[in-house]
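The structures come next, written out as structure tokens.
Each of the two complexes below includes chain A, the first together with chain B, the second together with chain C.
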Partner chain A sequence: MAVQPEVEKKGLWRSFTEGADDIFTRITAGISAGEFRRMLRGEPPGRPNPRLKPHSEAFLLHIKPTYYHESVTRFTHTFRLGILSTYLFLFETITGIFLMIWYTPSPDQAYADMIAILSNVPYGQFMRDLHRLGAEMMVAIVTLHMVRTYLTGSYKPPRQFTWFTGVILLVVTLFLSFSGYLLPWDQLAFWAVTIGTSMAEAVPPKIVGETVNLLARGAPDISANGLLRFYLLHVLFLPLVLFLFFFVHYYKVVHFGISLPASEEEVGQDTANKVPADKRVYFLPDVLIDETAVLIAFTTLMIFLVTFFFSAPLESIANPQSTPLHTVAPWYFYWLQGMLKIADKTFAGVILPGVLLVLLMAIPYLDPNPSRRVRDRRVAIISGIVAGVVMIILSWMGTPQYAAQAAPPVEVVQEMMPEEGAGIVREIGYDEIPNGVYDTRNDLPAMYPEEEYPGMHEILVEFEDNIKYWDKRDSDFNEAYGVLTVSQEQPNLKRLDWDIRWLDAEGVEGSFQRSFWLHKDSLYWEEYGLKDFGYLMPTEEEQ
Partner chain B sequence: MRKPWYSIFYVKSPIAKIGLGILAVLAGIVLVLFLMATENKRMDAQTASWEGRSIEKGASLFIANCASCHGLDGKGLPVVAPALNSRYFFSQRIDDVGFTGSLKQYVKGTIHSGRPSKVSTQWVNIMPTWSNQVGGPLREDQVDQLVDFVLNWEEEAMAQTPEEDPWQFFQDSLSKQLPYSPDEPGYDEKVAEAIAAAEAAGAVGYEIGGVAAEAPTEGEGDAAAGPRAPEDLFASLGCAGCHNINADQTDESKGPVGPNLGNLADHAGSRVDGEDAETYVHQSIVDPGAFVVPGYMNGVMPQNFADQMSEDEIQGLVEWLLSH
Partner chain C sequence: MSDDERAQRLAELKRKMQESAKAKKAQQSATETVSKPAVEKVKDTSSAEVTASAAPATETPAAVVVETAKPAAASVAAAEPSPVTASAFKGGREPTPDDRAKSQMNRREFLTYAWGAALGLAVLQTAAVSFFFMYPRFKAGEFGGAFFMGPETAVPPTDAPPQNEPDGKFWWVNVEEEGPHAIYVVCTHLGCLYKWVDENYRFECPCHGSKFTREGFYIEGPAPRSLDQFEVTLVDGTYVVDTGAKTLGSPADESPFKGTG
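Now for the complex of A and B:
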């Protein structure tokens, strides 16, 4: 109806409110302003339920079920892990696009771009930390989501295929994280990915392994081509695969409904379409409010962690000529690194993980147990726990703590000032390390008491303890002592010479020297730990 | 049915959830605002931090690659390489060579491609090429780290008085003024030093500190003046920069650049089979590469001393070294 005749007929005020209501209904895809008010007041919907309209009108909502069974909306049933996995994927996409603006996937540029993001882009470090933390969280949360569906027996008929696609999502998530690992092009990235892709090389027969390796790296070693390939996998191919399989996965979830607690649903029973009216919890508004609150709270938690406790590491630029001591994979691959230490590459790196993966996918088809109740599933639950414990032990074996120790003097210096990363000396920093000669044969901690030299005291205690520890442990490392010489190399630049001396089992003297430099302005942070906000203090000139 | 203990997590109230959501949004905004307020300082700190790390890496590269010529402290070695830790270098050098870019670009260019020419240079070896883009051994980022390290001497160098400045005369600054004004203490000594160095390098027709001088041309000056004294040669040819004549060469104390020469007579006769002390020392001066003292590098000691002294002078130097 044209405007003028309408106003003439209904009066100005009524035509205005009706017009506004019409617009509101269009925006909400079917909820009128009055209905929205009733929702907020917590009033029950009328019949037929006008709150179902958005599910048929709006694309995004048509994916969501219109109501859930009351029992599955309890927090402790799903822990919201599935929705959090989905959200983290979105979260990574957004933070990732922000980083992409400044990033060039080329060995000449990538590392410099990372430094530029950290030091020249407002909120650059924030976004990078969020993206990195999000990636690690996503691996953890997807895994926990798998654990929860395993423990509740939700993979049993009819949801076998949901589980199967879930495993694919897990694998894609791991690859996404791993392919992103290379992009900063620092030593950490380069060597972790070199080790990772070298496993592909172990695929038998030789010709296949070599071809796979060549395809992944784009050359016998990772270089410009490899970086570009990993970049394309990371920003394009793997997200697309994940996107696709997510919809398959979620379609199945909606199709069968989220499984009820074991006591309320037998295996094979269809509960999705038979929810009693009094058990229904409608998506609008109850579940929507719940999920929105959870996601907002989770986002704030991430921001909080990144502001104070998490900083993505960036080591020296990738150098194919020098492998840093103690190269490690990202933590979620420690278990693989642990296996590689006790078995050969083809078996532990390819065959065993392959078999494990197939077994994992096949669990729903192999488990003949017709019950989902915990007390009937002792074997399944105990084997699940055993598998978890084995993973943790293998992961521990993957860290440098286990069977990867270098000679004691090297380890002592590595502990104090590692070749890459922070370490106690760098974290304490330039200002607290006076020039001088520190010989552990003297009682250093007493000469540099804690009240007067808090930082140096800590360093010296640690230095002594480390030497003593190895002296006790290694029969080829006796009567050991160390001398640390700190001298001024340049304005604001100190030189630290570490000199370790010992007698071996035959009494022959050995020595080891290593020099490092430390600049006043260098900030070194551990990946996990309280950030140092020292830079907020006014500088000397300003005071 | 008894409710399990974890039923406290079954939050049903939408008000509680909306409340949690609003609180979380507010907390998130506070955090983002905190970051916004500190963002400039953080970016400055990061910028300084990455430059600091670059200097740290540059230091270790300098010790490994450059110190043998430019000295551990960057103050240069006579005849071998110029000082970089020098007030002249930071205040005057690029004007002298007529370089139009910044000092940083000058240093980067020099390290990157070296000075791959022997033409008109007073140094025994050329400044090598370092970047692997032009055939050197270092990556470009390592060249940048060295630049940061060299430039980090600025504060120390600019505090030098003219006497402390280890700057050495450059042939290519022949027509240029000295860096310091005549009012500064030490100016006259610098001029005298520069003239002496210019003469030693055989320069012709130069002007230093307003003093125009004609250096002796090849041969005639030497002949007229007769052989120079060995102790003067030892100083003016830069031997003293690498050798300590007053200290003994022992296992405990070794000269850092070249061997100490205090006890040269004790072992000169036994270094090379079939060569007596005189022959050996003579050869060490005119052809240092013939026998390289263990623990030292070949090519550090200049190879062209034979061209800078007459035979008589070399003989005198040999005798003086052995009898000292």
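Now for the complex of A and C:
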């Protein structure tokens, strides 16, 4: 209709509001402004339900079900772990693209780029921390999602294939997280990935293992080519694989519906398409608002953690000539590292994980139990719990605590000032450590009381305790004492000499020395602890 | 829903449909009769009726206040003789959900707007963070950043030919009484790089023949303005050229050297 006759007929204001309403309806793919407000007010829809239209009209909503069964919308039924996993993938994509702006995947540039992101780009550290935390959260949440599905028996018919694709998604998530590990090109990255790809080398027969390793690293050792390959895996290939399998997985979820609590659904029942009218919770607006609220809360939590507690570690630049003491895999591979310590690399690194993975994927096809109720699934649930406990024990064995201990004096110094990372002395920092000679044969904590020397007191107590601990534990480490000498090497640069002396089982004296430097402007903080905001408050001498 | 409830609901819907049909009929007849009479009369009847009919239909006193506020708006609308508006509430029908939607806002709706607005604010913040994160960083010694041209005492003589600074993309020229200038190497016409021609003692562009003096003033040719320059500051006795801060040259017509070539 031409504009003028319409305005003449209806008046200017009404033609304007009707036009606006028309545009609104187009944007929302079928919800008029009045219907939108009724939705917000919690009023029931008209009949036929106009709130179903966006599901058929709008691309973004066509994959969402129009309604859910009341019982699956309960928070404690799913804990919203599925949507959180999906959201984290999106979140990682966005923060990842941001980081790519400043990053070059080349050994000459990568580490310098990391330093620039952390020290020069506004919100650079924030963005990196978000990306790193998101990656670790994603591994954790995807795993929890699987655990939840296992415990409620939701993988049973007709949802076997959903579980199968879910395991693929878990594996891709692990590889995504791990392939990103190398990119900062620091010692942590370099050696964790060296260990990881060495496991691939163990694939039997030998020729296959070597070929796999060459393909992954692009050279016999990790080098420029390996970094580029990991980069491409991380930013392109694996996200595409994840993207594809996500849609397969989600299609199955919608197709069969989220499983109801075991008490309300028999195995094999098609509950998704037969929800009684009085049990329906419609996506618009109830589920949408719920999901939005969950995502907002989760994002807020991430930002809160990153601001106050979490910072992604960055060690010194990768050095292919020197492996730092206590090199560890990322925490989600501790269990693998634990197995590698006690068993053969081919068996523990390749065959066993491979078999476990196949078993995990095949669970729904192997489980003969037709019931989803907890009391009928005692064997399944107990074996699940046992598997979890075994994983935790293996993970503990994967930490340096188990079977990777160096000599006691090395461990004492490592505890105080590790080769890589912060450690208690660096966290307490330059200003709190007065120059002097500290000998643990004297009663140091009393000489440096807590009220007067809060930081130094803590260091000395820790130093003494460490030596006593090893003295008690190791028969080759007796009557041990340590001397810490702090001297001013240059203005604003202190030198810390650690000297540990002991008698071995035969009474022969041994000694171990190690020196470190600590600069006034070095900013260390606990890697996974409360961030140090001390720099916000100038110290007394600066005032 | 139990059968009883369903039956009740059906009955209720049926009643509503009948009522709205009746209301429509009444409205139609009202439109015909109302279109002629005086505006004053229309306003009175409509506002009185709305207040009367709205009061029993609403649950809370607060809602009544909102409802009664409506006739004021209606009377404003009615002041202009528009038959549709005037008869909106004719026929004594209950306000439909649409009518209520236009007039009242409950707590739930308000809170949705509130958190929606908070979400919008968060999105704006994210946009700001993204902007600052993505904005290029200019390092000293790279084009776009600062260039340190040495101490005050080390500037070239005022009669020396301009000195090219390829990294910073400028000519470094010392001008008597004014101090050194940093002239951007790109011609103001179409982006070619002009050259210093020592024989003619001026800058000449190889593409379209624009000419400029040693100080960057326009002499002749198609260029629209004198040469662009970067900001030069003296920081602790050292000349600093900020290649991120460009000053456009003055228009060709204003050049004191125009046509002197």
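Just so we're on the same page, the second predicted complex is superposed on the first by the 538 of 543 C-alpha atoms of A that agree within 3 Å, B and C clash if a C-alpha of one lies under 4 Å from a C-alpha of the other, contacts with A are read in each partner's own complex, and residues count from 1 in each chain.
Keep this in mind: a contact is a pair of C-beta atoms (placed from the backbone, for glycine too) under 8 Å apart; a residue touches a chain by one contact, two chains touch by 3 or more.
Bear in mind that the values here come from a model prediction, so they are computed numbers and not experimental data.
Undergrad: In the superposed arrangement, which partner chain does A:495 touch: chain B (first), chain C (second), both, or neither?
TA: Touch partner of A:495: chain B, not chain C.
Undergrad: Just checking: does A:122 make contact with chain B only, chain C only, both, or neither of them? Give me first, second, both or neither.
TA: It touches chain B and chain C both.
Undergrad: Return first, second, both or neither, reflecting whether A:277 touches chain B, chain C, both chains, or no partner chain.
TA: The second partner, chain C, only.
Undergrad: Is A:101 touching anything from chain B or chain C once the two structures are fitted on A? First, second, both or neither.
TA: second
Undergrad: For A:296 in the superposed arrangement: first (chain B), second (chain C), both or neither?
TA: both
Undergrad: A:42 contacts which: chain B (first), chain C (second), both, neither?
TA: Both: A:42 reaches chain B and chain C.
Undergrad: Per the overlay, which chain contacts more chain A residues, chain B or chain C?
TA: Residues of chain A touched, chain B against chain C: more for B.
Undergrad: Applying the touch criterion given at the start, work out whether A:322 contacts chain B, chain C, both or neither, answering first, second, both or neither.
TA: Neither: A:322 stays clear of chain B and chain C.
Undergrad: For A:517, decide between first (touching chain B), second (touching chain C), both and neither.
TA: First partner only.
Undergrad: Using the superposition on A, tell me which residues of chain A are in contact with chain B and, in the other complex, with chain C.
TA: 42, 120-123, 126, 289, 292, 296
Undergrad: Touching chain B in the complex: which residues of chain A?
TA: Listed in rising order, the residues of chain A that touch chain B are 42, 74-76, 108, 111, 115, 118-123, 125-126, 285-286, 289-290, 292-293, 296-297, 299-300, 303-304, 307, 316-317, 319, 489-493, 495, 515-523, 533, 535-536.
Undergrad: Which part of chain A faces chain C closely enough to touch in the complex?
TA: On the chain A side, the touching residues are 10-11, 14, 34, 37-38, 40-43, 46, 98, 101, 116, 120-124, 126-127, 277-278, 289, 292, 296.
Undergrad: Of all residues in chain B, which touch chain A in the complex?
TA: Residues 6-7, 9-11, 14, 17-18, 20-21, 24-25, 27-28, 31-32, 34-35, 38-39, 41-53, 55-57, 59-60, 63, 139-141, 149, 152-156.
Undergrad: Going by the contact rule set out above, which residues of chain C touch chain A in the complex?
TA: 1, 80, 82, 84-85, 97-98, 101-102, 105-106, 108-109, 112-113, 115, 119, 129-130, 132-135, 137
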